[in-house]
Amino acid sequence: MDMITLILLLFLGGAIVTWLGGKLSPIVGDMLFLVTIIVPAGMFFTGVTVGEVTHLHALGLTLTWGLSPLSYLFSMIVVGLGILLAIYAVPFMKGKQKTGAFYFNFTLSVMAMLGILVSKDWVSFFIFWEIMTWSSYLMVILNGKDVQRVGIKYFIFSAIGAYAMLMAMVVMNSQLGSFLMADTFNNFQHLTVGNQILIPILLLTAFGVKSAMMPLHVWAPDAYSNAPMAYTGLFSGALSKMGIYGMVLVMVTMINQLPEGTLIRDIIAWMGGFTAAAATLWAITQDDGKKLLAWSSVGQMGYIIVGVAIGTPLAMLAALFLVVVHAMFKGSLFMVVGAIEKQTGTTDFREINGLIRKMPWTFISALISVIALAGIPPLAGFVSKWMLYEALIQNNNYILVILLFFASTAGFLYCYKFLHGYFLGQEEPEWAHVKEAPAAMVIPMLLLAIGTFVLGTFPQLLFKPIDSALQYVGYDATGGHLWGQSILFSEWGDIVTLQPILYVVLAVFVFFALFLWFKGTKGTRYVSTKDISTSGELPKEWENLTFKVNFMQPFERTIEPFLKRQIDKYYTAFGNGLEALFEFTRRIYTGNGQTYAIYAILFLALLLLFRVNLFG
Amino acid sequence: MEYILIKTLEAMATFILAFLVGMTYGGVVRKITGRVHNRLGPPWYQNFIDAFKLFSKTRGIHHGAMHFLGAAFLMVTSVVSLMIIPVLAPGGHAWYNSWFTNMNFNGDLIFLLYIMTFGPLGMAMGAGQTGNPNSSIGVTRGLSQMVGFEIPWVMALVALMISYKTTSVIDFMNIQRETGTWLMFANPFAFIAAVLAMLGMFRYSPFDIVGAPTELASGPVSENGGKFLFTMMSSGSVFTFAKLVLYVDLFMGGANNLVMLVVKTFLLYMIPVLYGIVSPRYRTEQAVRWFWGWPTFIGLLAILYAVMF
Amino acid sequence: MYNDKNSKKIVETIQNWARSHSVWVLAYGTGCGAIEIAPTMTSRYDAERLGFRGAATPRQADVMLITGYLTVKTVKRVVRVYEQMQSPKYVVGFGSCTINGGMYYDSYNTINLLDKYLPVDVYINGCMPRPEAVIAGLAKLQQIIREGKANGAEKYLENLDWYKANQRKIAPKWIAKAPDYNW
Amino acid sequence: MIAKIKAAFPEAVNKAYDGNRLDFTVHKDAIPGFLSHMKEQLGFRHLSHIAYVDWIEENEFEIVYILWSPQDKVKLFIHTRIDRENPVMENIDMIWRQANTYQREMKEMLGIQFPDMVAPDEFILEDWDDIPPFRRDFDTLEYVNRTFWHRPGREDAQDVRETITKRSGEEIPDFAKKYSR
């Protein structure tokens, strides 16, 4: 019994034990949950070595598990974010329903993601993929709201992705006679041309669904905003990155061997850029913090997809850096929304005002994370954005870089909308009772925010693992050893030295903040936000002067023609039929994994017939 | 140690230069506006008096911590972008040239594009903290307008980048010194697009919906007086100077000495000022649509020009 | 050094000179006088050459022009705006309505004496004063600022109880609701 | 038109005017029915104004509803008298919304009570603690002397009524002298 298997089994057993213990008493459930997450995670950090491979003989086929540098990078995200979110989730779920189910699915998702990352053959990959999918599905419909709309949408799209992946697996196995990833990648040339085109497209469909690429993104905003916030951090931070993981594998191993590879790469890159721009525009129009963050996650995934699709070393560096950093700041932001929901009971911008003096630490973490999200130096978002733009310009994607610039500039609008919506504006007596969130909720988000700050100044901490990962998947050294002095540079010789800039920024900031504070302190007094220059009028107690409704109206009026065309419409006719079918099957089955298994088997049978006729 | 000290002194010299020049430009602009209105107009040093008066206000109010930090954020943007942008061309031989090479080699255009948006965002936080609805309305208008003019501006910069294979301002100045032709002639479309974006960047009419005094009560600064307004005023002057110097560096080959610098920046500054004096005011969506119209088209032309030649 | 009396006096002189030459005007346009502000500010009688300039909000303003009669409803707002201004701050009363009620001397809802409710630095006589008179009054205001005699804010702060009593006499509920002026 | 109105309300007294003006005097209890009938049946769809007079001699208030009929271009003046001691009037703002404004003004300026009228807060006079100022027995100058201050130099102010009587020649009636200075 080697380490990886042990860890996975610990997760699996711990999930069940947590569920049972939670039935005894909630305290036992919480303790067991923390133990279940933290102990195997610690074992992972200490015990697992990169490169070890283990074989598991089960059900007549051999499962090969091992940890590659690339999957090590992603598993760092999964485990680290899992620990912090587990610490966060315990006070978050206190006094809520279905705590046991939450813990169960949470642990199971972490286990499934680790399994995906360590699996070296398609069978276990697919199995863990399915476990991840339906655990997250159960998490999406946990609160029982909008199951008809949200859950089914998510389920349908996941099913599409799963079938695509299954089909690709079957084709690969039948042609190459092996489920091992390495074999499929190495013998890729021996496939027929039709399969060489078909397999990557199928796999990219599967991964594109999970990473919410633009035509397949429809499920994402509702699913993100409907899941419990303590899980959405993991959902958007780590779970959607599995799609990126698979995409990196496919891009590097298969697409590079295709003569049409560049075309596919360009198509994917344009999809990613379109995702970034359109999702940003949609995020601007949202009035609910969850939905805004969900759309912004889709947009950030668009940036990552662009980087992966361009595929130059700098672009891959940027994409993988943004994978980690996005996990950090978006996890922190979802934690912020969860804390606000926990403390005030709502997440609507139009209802909450002026929490800055009530929840200062939450505001600080939100501020740092939002600055990182906006990609403003000297924080970590800027590093990836800089490298991405450099890579795009040097790769002659001029219009795409304009599109991404537009997306990131428009991103400032929803960044400001988020902060203003919750923390700024007038302080209402309605929210006078609000207190700061408990420390167990504040500390994880602060840690993540500070992490973005550190990575923005010392990116070499992250460049070295990314560099080894890239060398593993077959890039020559991206110069990760040259980034020691935290200097960003590109082939053109453009440099950005981060540390002096950070020091200057801090010096100027501190100097002027102190100047403003100490200049005439006696004469300067604090007045409440009700005491504003309203041309002499005294606002009544029930009058709320904060500007919240139709916040971005001028900009929305500008982009109206773009917002008219939303992809949902094109899915509606198709979706109605699928939802009817799914309703029917829901009446037969209980809506959990069994349904899925039956689907898979039926589809497999169909597929074999189909394949014989098509490719035989 | 004394290296840092000398660097700090040089940075202070640059800051003081930018402050003086920017403030003087502000006063001169008011004078010119007055003359165009057939008035006498205030003296050219009026802005200094205003700044000193605001500085010596004895009483003031604040609405919370973010109210302080907003102005500080604004100052950070101005000072850091001034440090990054090379004030004088590297080829100059004046005895003070070495003073103004503060951090010119530590950043490039993409960094400048992002650090320039840092201040407005922090300023927006400060404005939101005050709880004045006018401030938030002005901020949203300003950010929307920024999204509008960033497009042609970025297009012009990308056109320059792809035709000269660099994103560093110093390299652009070296290229112009070696080839002997200013980039405004080397790629005229890029210059036109950048200048059209500049109209929105300096927020004179017709793009001054952000702080419209009569309908928004001066927008984001409507709750600020005394030291806050003093800080914002000086930061605005420094930032104006920095942006003008960036334009001069990129399109007019930089300047070898301070006289040429002042002349070039002043001539460039007159474009938005004189266009603004005689212009009415656009609504926000009109302004954004305007920026996404002809300026964007000219930016596309600039990119095509850069790709072909 | 800074505590030295002479240096303090020098600093005071410079500050007063600056204040007198950069006066930002909050034109509280009540009554008929608001129409006189426009020619005063614009190119016929250019007040900006003296350093006068319109301010948008009371937070930025130095001087408040009260241009005409003040009804009881208006005087509350005026007091509110005055308390929101940041000292040193000055008040200029336009026309006979602010001096003694003018033609509304016996109206039940128009106050007669402005300086019972606010410390007025300069009165400009006339009904209404023409822009020349306004310019003259503003120049007078500049002069007393330069001499350091324009200390309306201190006066208001010292006799706050008296002013508040007068205001409460005409507007009890409002003054009770308003946030207190504690600086 | 007069016939129609007479047919509907025989007790209404009408006064003839030239031009397109009709005057009716109606008892205060009949006002809501009368007005609604005018609006629904006879097409006086527009309420132009509600005027009020303080007949302090007859110790009565007079309220005049001024209606306008767009299609046959007729102004209709409806007079009614209510007691001055306890002035209570029917609320008609469910017939015309804008009547609410006039009634709030009357309530504050004349002290007429409108039961079941919804008035959010004080309309013109904020925190007013005296008799309603538009009653003719309210001495405004006495109120001013009591509330505000006079700057010295106003003692020689002439009474406007005396000037008017000097110019027009007619003398002030005794009841008016009571309220004059």
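Going by the order they are written in, the chains are A, B, C and D; count residues from 1 in each one.
Convention: a residue touches a chain if its C-beta (ideal position, glycine included) is under 8 Å from a C-beta of that chain, and two chains touch if they have at least 3 such contacts.
It should be emphasised that the depicted structure is a prediction, and the values quoted were computed from it without experimental measurement.
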item	value
Which two chains share the largest set of C-beta contact pairs	A-B
Central chain of the complex, centres being mean CA coordinates	B
Separation of subunit B from subunit D, taking each centre as the mean of its C-alpha atoms, in whole Å	63
Inter-centroid spacing, subunit D versus subunit A (mean Cα positions, whole Å)	71
Subunit A and subunit C: spacing of chain centres that average the CA atoms, whole Å	58
Length of the line joining the C-alpha centres of subunit C and subunit D, rounded to whole Å	40
Touching two or more other chains - residue numbers and ranges from subunit B	57-61, 217, 222-223, 226
Touching two or more other chains - residues of subunit D	none
Where subunit C touches two or more other chains, by residue	57, 59, 76, 174, 183
All chain pairs that touch each other	A-B, A-C, B-C, C-D
Touching residues (chain side subunit C, partner subunit A) in the complex	57-59, 76-78, 80-81, 84, 174, 177-179, 182-183
Subunit A residues touching subunit B - in the complex, by the definition given at the top	354, 356-357, 367, 371, 374-377, 382, 385-386, 389-390, 393, 396, 398-399, 401-402, 405-406, 409-410, 412-413, 415-416, 419-420, 424-427, 490, 492-497, 500-501, 504-505, 508-509, 512-513, 515-517, 519-520, 523-533, 535, 545-547, 551-555, 557-558
Touching residues (chain side subunit B, partner subunit C) in the complex	30, 34, 37-43, 46, 49-50, 52-53, 56-61, 213-214, 216-218, 221-226, 229
Complex interface listing, subunit A residues touching subunit C	523, 525, 527-528, 530-531, 533, 535-538
Contact footprint of subunit D on subunit C as seen in their complex	72-73, 76, 99-101, 105-109, 111-113, 116, 169-174
